[in-house]
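Structures given as structure tokens follow.
Shared chain: subunit A. Partners: subunit B in the first complex, subunit C in the second.
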Partner chain A sequence: MFLSAGIAAAAGVLSLLCCRRGGLSGVVGPAGTFLSVIAGIVGLCTSPPPGVSLLFMLPTLILAPAAAVHSVAYIKGHGNPGVYWGFFNLTVATMLALPLIKDFLEFLIVWELMGIFSFVLVMFNYKAEELKRVAWIYLLACEAGGLLLMLFYALSFKTGAPRELFYIAGVAGFGLKAGFPLLHLWLPEAHPAAPAPVSAIMSGAMINLGIFGILIFVFPGMDAKLCGWTLLLLGCISSLGGIIFALAQDNLKRLLAYSSIENIGIISISAGCAFLGGAFNNNNMIVFGILGTVLHILNHALLKGTLFLGAGQVYCSSGTLSIDRMGGMMKTTPLTGSCFTAAAAGLSGLPPFNGFIGELMIYLAAFSGICSGVWQLRFAGIAAALILSLTGACAVAAFAKAIGGTFLGEPRKIADCKKESAWMYAPMLFLLLLSLLVVFTAPFTVPCIFKAINISTIDYAGTGVQRILFYAASFSAIFYILSALILLIRRFLLVRGNENASGPTWDCGYAKPSARMEYTGSALIQCLGDLFNSFLQIRRKVEAPKGLFPEKASFEWESPDGAERFFWAPVFKLFAGISDKVHKFQSGYLHMYVLIMTIVIIAMVIWAIIG
Partner chain B sequence: MMYWILNLILALLLAPVLFGVLNKVKAFFAGRKGPRILQTWYDIFKLLRKGSVYSTSSTWIFKFAPVGTLAAIAIAMLFLPLGFAASPLKFQGDALLFLYMLGLGRLLTVLGALDTASSFEGMGAARELEFSIISEGTLLLLLIFLALQSGSCELSAMLCGRGGAFWMNAAPAMVLAAVALYIVLLTECCRVPVDDPETHLELTMIHEAMILDNSGPDLAFIHYGAGLKLWIFGAVLTALVIPAGSFSPWIATLIMLAGCFLISVFVGITESMMARYRFLKVPQMLMGGCCAAFAALALLLISGGVK
Partner chain C sequence: MNMAVELILTAFLGICLMLSGSSRLVHCVRLVALQGILLGIMPLVMWNWSKAVPGAELWGTVFVNIIVKGVLLPMLLLRAMRKAGVKRELEPLTGYSWSLLIVSVAGALALWLSRSLNIPGVPVLAIPAAAVTVFTGLFIIISRRKALTQSLGFLAFENGIALFGVAMHLEYGFFVEMGILLDVLVLVFVMGIAVFQISREFEHIDADRLNLLTDNVEVK
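Then we have the complex of A and B:
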């Protein structure tokens, strides 16, 4: 298994070495990625790693080749391909290696390497001005996470150290990567700035590794109740908070980044249900919780990968990521638009796609809790189900905005939209195909999943989960069949001699409806923005028309991150204030420094004598 | 199972007639004669014979939206215990598939509306998205309510497997749940006071604004889907309120039919008695429904009508 990581690393170094000759590294890079993925799959088949490692390797193995193919077209004219491919392969190598490492110190080293390699990828387009801030935030988040994990590691040796601190350090350290509430700050900054294929990998596969770390290194030996409640609480906040902020974003990739926060929340809710089920001996809850976690991790990787790759194509075609400026791109980039639409509907958890079966499992875990007699489980179940449904409904709205604003209607402010390239839509089609495969193979993979997880006390057969998944898959199929049937009926009716005209949109009698009258993405969710405004605190800038013949008027709104504005900014301001005060000691006079040192030495001597 | 299939056929045939009854009631209150009871069927047949006009702004999404919406609503119908007989297609968790199929229909309608680039349709879509979040939350609370009463996650068992004593055990909770469901029904089926399907001003519509550009067979599908949706919610409300199991199948079928028609009469009376709310006020009413569902849940947990 390590071989595949090794190949990726070697390919990375090789591409770095030939970064002077872009053409060569453009070949070595993707070839290396593919080789390492093939080695990884062969390794999986010959000597499968334990279940959890396998689960967290799969997204990387699927997304890496897709992103590599997409990158070939994406990075053309975007900087040095040698550097890109070098760090791309190195990142993939670390991501493949991480789930296999058993020793925490080694894990920590590779973890830090992953942070640094991906940092280079995030700031690949380093000439852009706004990237400086983003790069700083990302680096800070990585290093803060690393520091917390070092603290966690140190505490694990000290006997008698407070368990709470150990626990918090671990959860926060890994949570920084996973994007838990308050710690999610880097996600909405880094994703819009990073190249699209990199975002796809980071969002689909890398942030899951935070959950992996928590499950493998922090939770063993802890009380299952504590673990369950932590995950459930964090999950509820992240999922609902994430999607509400996603609603209000105008930048397409920022919207997707917030949606990643939401999905990590859903994964945590599911895992939390499984832990609580374990704590209270509720077999159904454990089985559905575990399946929900597994399926949602996979589904999120596939669908979010598709969405980010789609956003990459959109950016390459239109040159912007602002939803309100785009529109009508379904006509210039039809395949991208269709893939994006399907993936977005799937990620909102809607039925004929794979997102639904994952959410169905999580709902069933919650309902098992509700129907059990234990009041704690009942409470957990009600909270989980309610939050999931609200999140689902908000996700529908957010993605309706993303699809509608970007692809549907008429183009607003994009002049010349380039055609889509096969390099970019082929990987999206591949990922969507896999998602379809997930829907229809899920009933058959259940025994494999539980065999891989290998906990003998779990009875998955008694819950009838295979039958449920089978039914869910059948109804997906029935939906396709029924739609096809109705389409055929319509075709028959329309062919039968009736005129089938086309004309401009009937806009209630307006003779010349223009694209300016069209509803933008922001307009679409304005009502919702008002509904959630106490939470979002949207900034509005209004310039009302003045006078009898107003010359100009404008309206802007933006919704900066709540945690940044109301938590981190005050915290950092406080620390900046303190450092300003301390700064006075650094006066620049030598005798001042000597005085301070003398005082310190005297104080230490006194302390030594008394102590 | 035969009864269920019979009831399904009845539902598929009679669903558009609900609008006929509803309009007759409204006409009665207005002192008019009103359109015929079967008018919606006539409209559907007329539309099926016509051609469609597709806007040059629209893409395949607009053409697929009515079709997919109808398919989604029809599939949602398959899980209902029509005529109080358990659906033969039931499985644990079909209640969620039911909820999400309705959600899929909504997303498709919204996308179809946005695809036309019309500002009115965008307006309708925006309102639909806002209201749907609250009504979906309410519906889920009601599902939890039913799951607690029945100890199951199958829609058939949730509605018909609760024994007959739930009114005795938790009457106040039942009343609140029924009120909440009625508000959800008014929202999901786009009736006054949430939405006014018969206004002549596009600015004040929600659902009708979203389908302004649909014509011909597409519009027929949409009308038929709206009828099915009204039947779905009518059936759920009937089954929520009336304890099943104590009747013979034929009487149960009759009760279900009577329930659906009675509810459409009731909707007609509601529409005649009140005007549409301002759009800023609608979320407050929906929140009221959500709170009613919450209160029902709390009362049920306290009073112990839990299986």
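Then we have the complex of A and C:
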């Protein structure tokens, strides 16, 4: 298994070595990624690692080749391909190696390497001015997480150390990568700036590793109730908060980044249900919780990968990521649009797609909690089900906005859209195909999942989960067959004699419609934005039309991150103030420094003798 | 307790006062060399001769200590002094009378504080003498301008710490002692070279004017 990570690392170093020759590294890079993925899959089949590691390796193994193919087209004209492929492969290598490492110190080293390699990828397009700030935020987030984990490691040796501090350091350190509430700061900044394939990998696979770390290193030895409630609480906040902020974003990739926060939230809700089920001996809740976690991690990787790759295609053809400027992209990039729509529907948890079966499992976990009769489980179940349904509804709205604003209607402020490239939509189709596979194989993989997780007390057969998944799969199959039939009939009818004319969108009733008359993405969700405004605190800048013949009118709105504005900005301001005051001590005079040290030493000696 | 030990410790206190009050660099170097030699013979003086004769390891430590601290380092410093062409510390940041006063007050304070630290087997004067030597070293680093005087201050500081160790019967063994000595030797060596380079580059070795390497100063 380590072989595959080794190949990826070797390929990375190799492509870095030949970064002077772009063409060569452009071949070595993707070839290395593919080789390492093949080695990884062979390794999985011959000597499978324990269940949890396997689960967290799969997203990387799936997303890496897709992102590699997409990158081939994406990075053309975007800088040095040697550097890109080098760090791409190194990042993939660290991500493949991480779930396999048992020793925490080694884990920490590889973890830090992953942060630094991906940092280079995030700032790959380093010539953009805005990127410096973003890259700085990302690096700071990585290093802060690393520091917390070092504290966690140090505390694990100290016998008298308070367990609470140990627990908080671990959850916060890994939570920084996973994007837990308040710690999610880097996600909405780094994802829009990074190249699309990198965002796909980071969002689909890397942030899951944060959850992996918590499950493997922090939770063992802890009280299952505490773990369950922590995950449930963090999950509830981050899923609802994430999707509400996603609603109000104008930048397409920023919206997707917030949606990642939401999905990590859903994953933790599910894992939290499983832990609570374990704490109160509720078999149904454990089984559904575990299945929900597994399926949602996979689904999120597949679908969010597709969405980010789609956003990359959109950016490459239109040159912008602002939803309000785009529109009508369905005409120039029809396949990308269709893939994006399908993936968005899946991620919102709509029935025929794979996102649905994952969320169905989580709902079932919540409902079995409600039915259990233990009041704690009842409370947890009600909270999980409520938050999940609210989140799902908001996700539909957010993606309706993203799709409507980007792909439908007429182009607003973009001219000469480029056609889509096969390098870019092929990986999206591949990922969607895999997600179809997830729907239909889910009933049959249930025994494998529980065999891999290897906890003997869980009785999955008694819950009838396979039957439920089978029903869901058959329902999806019927849906797909029906829609295929309808499409066929429509095609058949259209071809027969009827004239097939195409005109501009929204042409109904108006004499001469223009793109300015159509709904923008922001307009579409304005009512929801108003509804959640007490939470979002949207900044508006209105210049209302005046007089009978108004000449100028404008309207702007943006919704910066809430945690940044109301929590981190004041905190950082406070620290900056303190640092400014302390900074005066750094006068540059050696005498001064020694004087300060001497005073401190004397004070300590006196304190030691008298006290 | 041994009279000789008390005598040496008193000498340490006196050297501290003289160090803080003299402006001639040659004089200061000689004082520090004397400190080194006294420090070197301390383990022999403190040895309980009635029981046994000290082993070869102790003799080695004493010998190397005296050679390095009493001869080699002062020679290095005198050489750096000649090359940089400095003879006196002309404008100390704290005047000589004030320096004397401060070191005396520190000595009194150390004597007063050490009353409560009555460790059996350790000479009464040892802890205050060591503390005052350490303090004098630091004080010289703080209050003098020339980089050479500051390296002298560092040596005195180091001697003070070593005095603590000897007085408390802390025996680290030959190799640890040699390691510490090597550290000091390299440091003084580097300082000597640095002093020479600085004086060649800037025509002075005033450490208080070398303050450009800070974030606070804006580069013009």
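Just so we're on the same page, the second predicted complex is superposed on the first by the 566 of 611 C-alpha atoms of A that agree within 3 Å, B and C clash if a C-alpha of one lies under 4 Å from a C-alpha of the other, contacts with A are read in each partner's own complex, and residues count from 1 in each chain.
The criterion applied here is as follows: a contact is a pair of C-beta atoms (placed from the backbone, for glycine too) under 8 Å apart; a residue touches a chain by one contact, two chains touch by 3 or more.
Just so it is clear, the structure is predicted and the values come from calculations on it, not from any experiment.
> Look at A:H583 in the shared chain and tell me whether it touches subunit B only, subunit C only, both, or neither; answer first, second, both or neither.
second
> For A:C448, using the defined touch cut-off, is the partner it touches subunit B, subunit C, both, or neither? Pick first, second, both or neither.
The answer is neither, since A:C448 touches no partner chain.
> Have a look at where A:I606 lands relative to subunit B and subunit C in the superposition and call it first, second, both or neither.
After superposing on A, A:I606 lies in contact with subunit C but is clear of subunit B.
> Considering only touches as defined above, state whether A:L386 meets subunit B (first), subunit C (second), both or neither.
Once the two structures are laid over each other on A, A:L386 reaches subunit B alone.
> Which partner, once the models are overlaid, touches more of subunit A's residues, subunit C or subunit B?
Partner with more touched residues of subunit A: B.
> A:T598 in the overlay: touching subunit B, subunit C, both, or neither? Say first, second, both or neither.
second
> Let me test your reading of the model: by the given contact rule, A:L437 touches which partner, first (subunit B), second (subunit C), both or neither?
So A:L437 meets neither subunit B nor subunit C here.
> Indicate the residue numbers of subunit A shared between its subunit B interface and its subunit C interface, in ascending order.
none
> Show me the residue ranges of subunit A that touch subunit C in the complex, using the header's touch definition.
583-584, 586-591, 594-595, 597-598, 601-602, 605-606, 609
> Name, in rising order, each residue of subunit B that touches subunit A in their complex.
It comes out as residues 48-61, 64, 67-68, 70-72, 74-75, 89, 91-94, 96-97, 99-101, 103-104, 106-107, 110-111, 114-123, 125-127, 129-130, 132-133, 136-137, 139-141, 144, 147-148, 151-153, 202, 212-213, 216-218, 221, 279, 283, 297, 301, 307.
> Contact residues on subunit C for subunit A in the complex?
Contact set of subunit C toward subunit A: 93, 113, 116-117, 131, 135, 138-139, 141-143, 150, 207-208, 210-217.
> Quick one: in the complex, what on subunit A touches subunit B?
So the residues of subunit A touching subunit B come out as 327-328, 330-331, 334, 337-338, 341, 345, 348-352, 356, 359-360, 363-364, 367, 370-371, 378, 381-382, 385-386, 389-390, 392-394, 396-397, 399-400, 403-404, 407-410, 464, 467-468, 471-472, 475, 478-479, 482-483, 486-487, 489-490, 493-494, 498-508, 513, 515, 517-519, 523-528, 531.
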